[in-house]
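The same chain A turns up in both complexes below, where it pairs with chain B and then with chain C.
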Partner chain A sequence: MDEKLTVRHWCRIASGLVIKDGEVVLHSGGENGVALLAAAYRHLGLNYPKFFKMDALSKAGFVAGEVLLSDEKDRFEPREDRAVVLFSSSGCEADDIHYRETITDGNYYPSPSLFVYTLPNVVTGELAIRNLYRGETSAYVLEKFDAKEIVRLVSEAFVDEKTKSVLAGWIDCPDDGSVDAMVFLAEEGEGEPLKPELLYKLFENK
Partner chain B sequence: MSDGILIEGFSALSPLGFTPEENYRAVLDGRSALRLHKGEFGVRDPFVASLFDRVAVRQEALREGVSGYGFFDTLAIIAACKAVREAGIDPASDKVLFFLSTIKGAGCPLSESAKILREHFELKHPVTVVSNACISGLSALVVARRALLRRSDIEHIVVVGAEVQSRFIVTGFQSLKALSDEPCRPFDADRKGLNLGEAAAAVVLGRDTSGPGWRITGGAIRNDANHISGPSRTGEGSYNALKALMPLDPAPAFISVHGTATAYNDEMESIAIDRAGLSDVPVSALKGIFGHTMGAAGLLESVLSMKAAEDGIILPTAGFSTPGTSRPVNVSAALRRFEPSSKISFIKLLSGFGGVNAAAFFTFCK
Partner chain C sequence: MENLINDLKLAIIDTLNLDGMTPEDIDDNAPLFGEGGLGLDSIDVLELIVLMEKKYGVKVINPIEGKHIFGSIATMAEYITQHRAK
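The block that comes next holds the complex of A and B.
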């Protein structure tokens, strides 16, 4: 593990809550999943129409990215030194469910716009497009939330000499009604050391 | 990029054979399992694909002592069994780590297949699934290499890649109008799209020893930041991934390209290769033999490239006849030879949905 890596900013989305660095950004009464993400999109005053075409996983990644990066300087300058490395246990299951509905015998009209999201890594691509990140993007599926494995793989991403910062985290959307996200920026500098204990602690915010 | 990770063993299964040797022979003989399938998986429109004979796989599974699993997991387990045996390692050791590379797995959450693999081999560590679209296999090799460079507690990493076709995948690619109605023609002027394929392959990586063998001496993953389902017009990510491998020492004998035979992919690769100053390097694409084997492609195509390179062979690009990209690419439908010296190398290149691209540098020392 890389002792120098720290977490300065993080975002948690779960159970009707959107939190940034410990501060509640949005407390949405009873709304979860894509409804919560749509509420967050409106609350943040965003204008990115493509958001409405995205599946639940990409919507979650997009909103988490907006919350996390909103006050970053020179945010939309193309850069190759920031990677996007995301984890889940459900992958793109929420969108798989919708695509499967379009290929049943009774309703056979395979939808290309649903199909293109049936990959766990498309959310990393959406974050790269939005933020002009030309660095590494990687998506992993784990049996369950595993902070040790996340810390290891995020730290190992820095073996790539170009990578100086990683937008990383856990985004799990088993269906449209459930979003469980904890996304953070890992880089060298000020902040809490990137350790499994920290990720477990941040994950408890809900 | 001098840190080398040794390749200790590999396997490759496709409809053309269940060993790397059988698959290599098939490519040299120009055989392909690409066939027109009608009604397969309940798909309404016919499609051309390279699909396993299910009965033959079941018999192979019995020979390996593998039973009780679904088709996808059976294939992944057989591929792992063969590679682990060749490498001579004990998968149940706490010094062994597994990665699984796949896009759609068994058609259920991929974590299910990770669990099956872990339980079957009684692994001491959880299996991490690398699901990075069509670059997954190469992604997994790059990530496994990094893990071995950083982790003192792990001695061997088994990277297993597998993909089986389904109604889900075939109808999806049909809906995108990405499929060719004939065997695909990488880099050809008349290319009409890709064919899907099934395969499983595994590579066992170990920490470097100074002896002879194949090593992965560099690897990078880069995003286009352009489009989720189409490659960059400037080959941005692929170019940046190639650039990250440089300097290339020794000079690569060939580039094993992605070469899906879609209009956009092959055009993009020609631009990326040209921008990287590699347009003179011979290029070889295998999708005209195996189809696009998705999560297995990075492993299958790397294994076959290693076998060919050792023999001083640049594999033929089946389906190619007339150049059809805006930038020159040194591609040939015929087998070509080079004089293998004591050090050989090649580049493996892949791209995929989500704007991802990967490049890895393989070197061989006699």
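The block that comes next holds the complex of A and C.
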């Protein structure tokens, strides 16, 4: 564990809530999953039509990234020093199931637009494309939210000496009606130390 | 034509899995591809070609025509009206 790494900004999306750094950005009236993410997209006044084509996992990553980075200066300047490291339990299983449905009924037509999301790391690519990141990206599938493992793997992302910042966190969408995300920026400098206890505390916000 | 345009928008939303999007979000004349419109790409063209054939019985035979046909919802509807078999 790198003792210098801290978390200054974070975003939590779960249970009809979108929270940034402890402040409620959106409290949706009973909506969750894809409906909550679409409500957040409109609430934030975003204009990125590709959002609607994404599977639930990428939608969650996209909205979490938009909220997390909304105040960042020079946000859309290309950069190689920020990595994207994400974790989930379900991975792209929801999209896998949707895709399978297109190849199992009598009207067989394998959908290309669903197929392109049948990898759990596509969400990291969507974030990198949106924000012009050219650093490392990786996606891990864990059995459950494991803050100790997340801290360990996020810390390892800094080993290459090129990486100065990591957009990291947990994004899980087991089906279109569920979203559970907690993303954060890990960097050196001001902020709370990047420790499992902190991530568990942030994860409790819902 | 208005009914066809709305029908077409619903079919595109369903076919391309544009979850959370409504027909009102799609401008009849906005470009389907590239910036300023739906942001569709080459993969989506395959879906639209199959959609036109399965739902409206319209085949796009000449690839050169594709650029115009898939320019917007309005141009798609116009082509379907002129060639539809269903």
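Everything that follows uses one rule, which is that the second predicted complex is superposed on the first by the 204 of 206 C-alpha atoms of A that agree within 3 Å, B and C clash if a C-alpha of one lies under 4 Å from a C-alpha of the other, contacts with A are read in each partner's own complex, and residues count from 1 in each chain.
Quick note on the criterion: a contact is a pair of C-beta atoms (placed from the backbone, for glycine too) under 8 Å apart; a residue touches a chain by one contact, two chains touch by 3 or more.
None of these values were measured; they are calculated from a predicted model.
Engineer: Considering only the touch criterion stated at the top, classify A:41 as touching first (chain B), second (chain C), both, or neither.
Structural biologist: A:41: touches chain C, not chain B.
Engineer: Looking at chain A, does chain C or chain B touch more of its residues?
Structural biologist: It is B that touches the greater number of chain A residues.
Engineer: Once the shared chain is lined up, is A:101 touching chain B (first), chain C (second), both, or neither of them?
Structural biologist: neither
Engineer: Once the structures are superposed on A, label A:176 by its partner contacts, choosing first (chain B), second (chain C), both or neither.
Structural biologist: second
Engineer: A:118 contacts which: chain B (first), chain C (second), both, neither?
Structural biologist: first
Engineer: I'd like to know which partner A:93 touches here: chain B for first, chain C for second, both or neither.
Structural biologist: Only chain B is touched by A:93; chain C is not.
Engineer: Quick check on the superposed pair: does A:49 touch chain B, chain C, both, or neither? Answer first, second, both or neither.
Structural biologist: So A:49 only meets chain C here.
Engineer: Touching A:3 in the superposition: chain B (first), chain C (second), both, neither?
Structural biologist: neither
Engineer: Looking at the overlay, what does A:138 touch: chain B (first), chain C (second), both, or neither?
Structural biologist: The answer is first: A:138 touches chain B but not chain C.
Engineer: Where on chain A do the contacts with chain B and the contacts with chain C coincide?
Structural biologist: Residues 111-112, 116 of chain A touch both chain B and chain C.
Engineer: Going by the contact rule set out above, which residues of chain B touch chain A in the complex?
Structural biologist: Interface residues on the chain B side: 42, 44, 103-104, 109-111, 114-115, 118, 126-133, 139, 143, 146-147, 149-151, 167-168, 171-176, 220-229, 236-237, 240, 244, 352-356.
Engineer: Using the touch definition up top, name the residues of chain A that touch chain B in the complex.
Structural biologist: 78, 80, 84, 89-91, 93, 96, 99-100, 103, 105, 108, 110-112, 115-122, 124-126, 128-129, 131-144, 146, 149, 152-153, 155-157, 159-162
Engineer: Chain C touches which residues of chain A in the complex?
Structural biologist: Touching chain C from chain A are residues 34-35, 37-38, 41, 48-50, 52-53, 55-56, 59, 98, 109, 111-114, 116, 176.
Engineer: Touching residues of chain C toward chain A in the complex: what are they?
Structural biologist: Residue positions touching the partner: 15-21, 25, 37-40, 43-44, 46-47, 50, 54.
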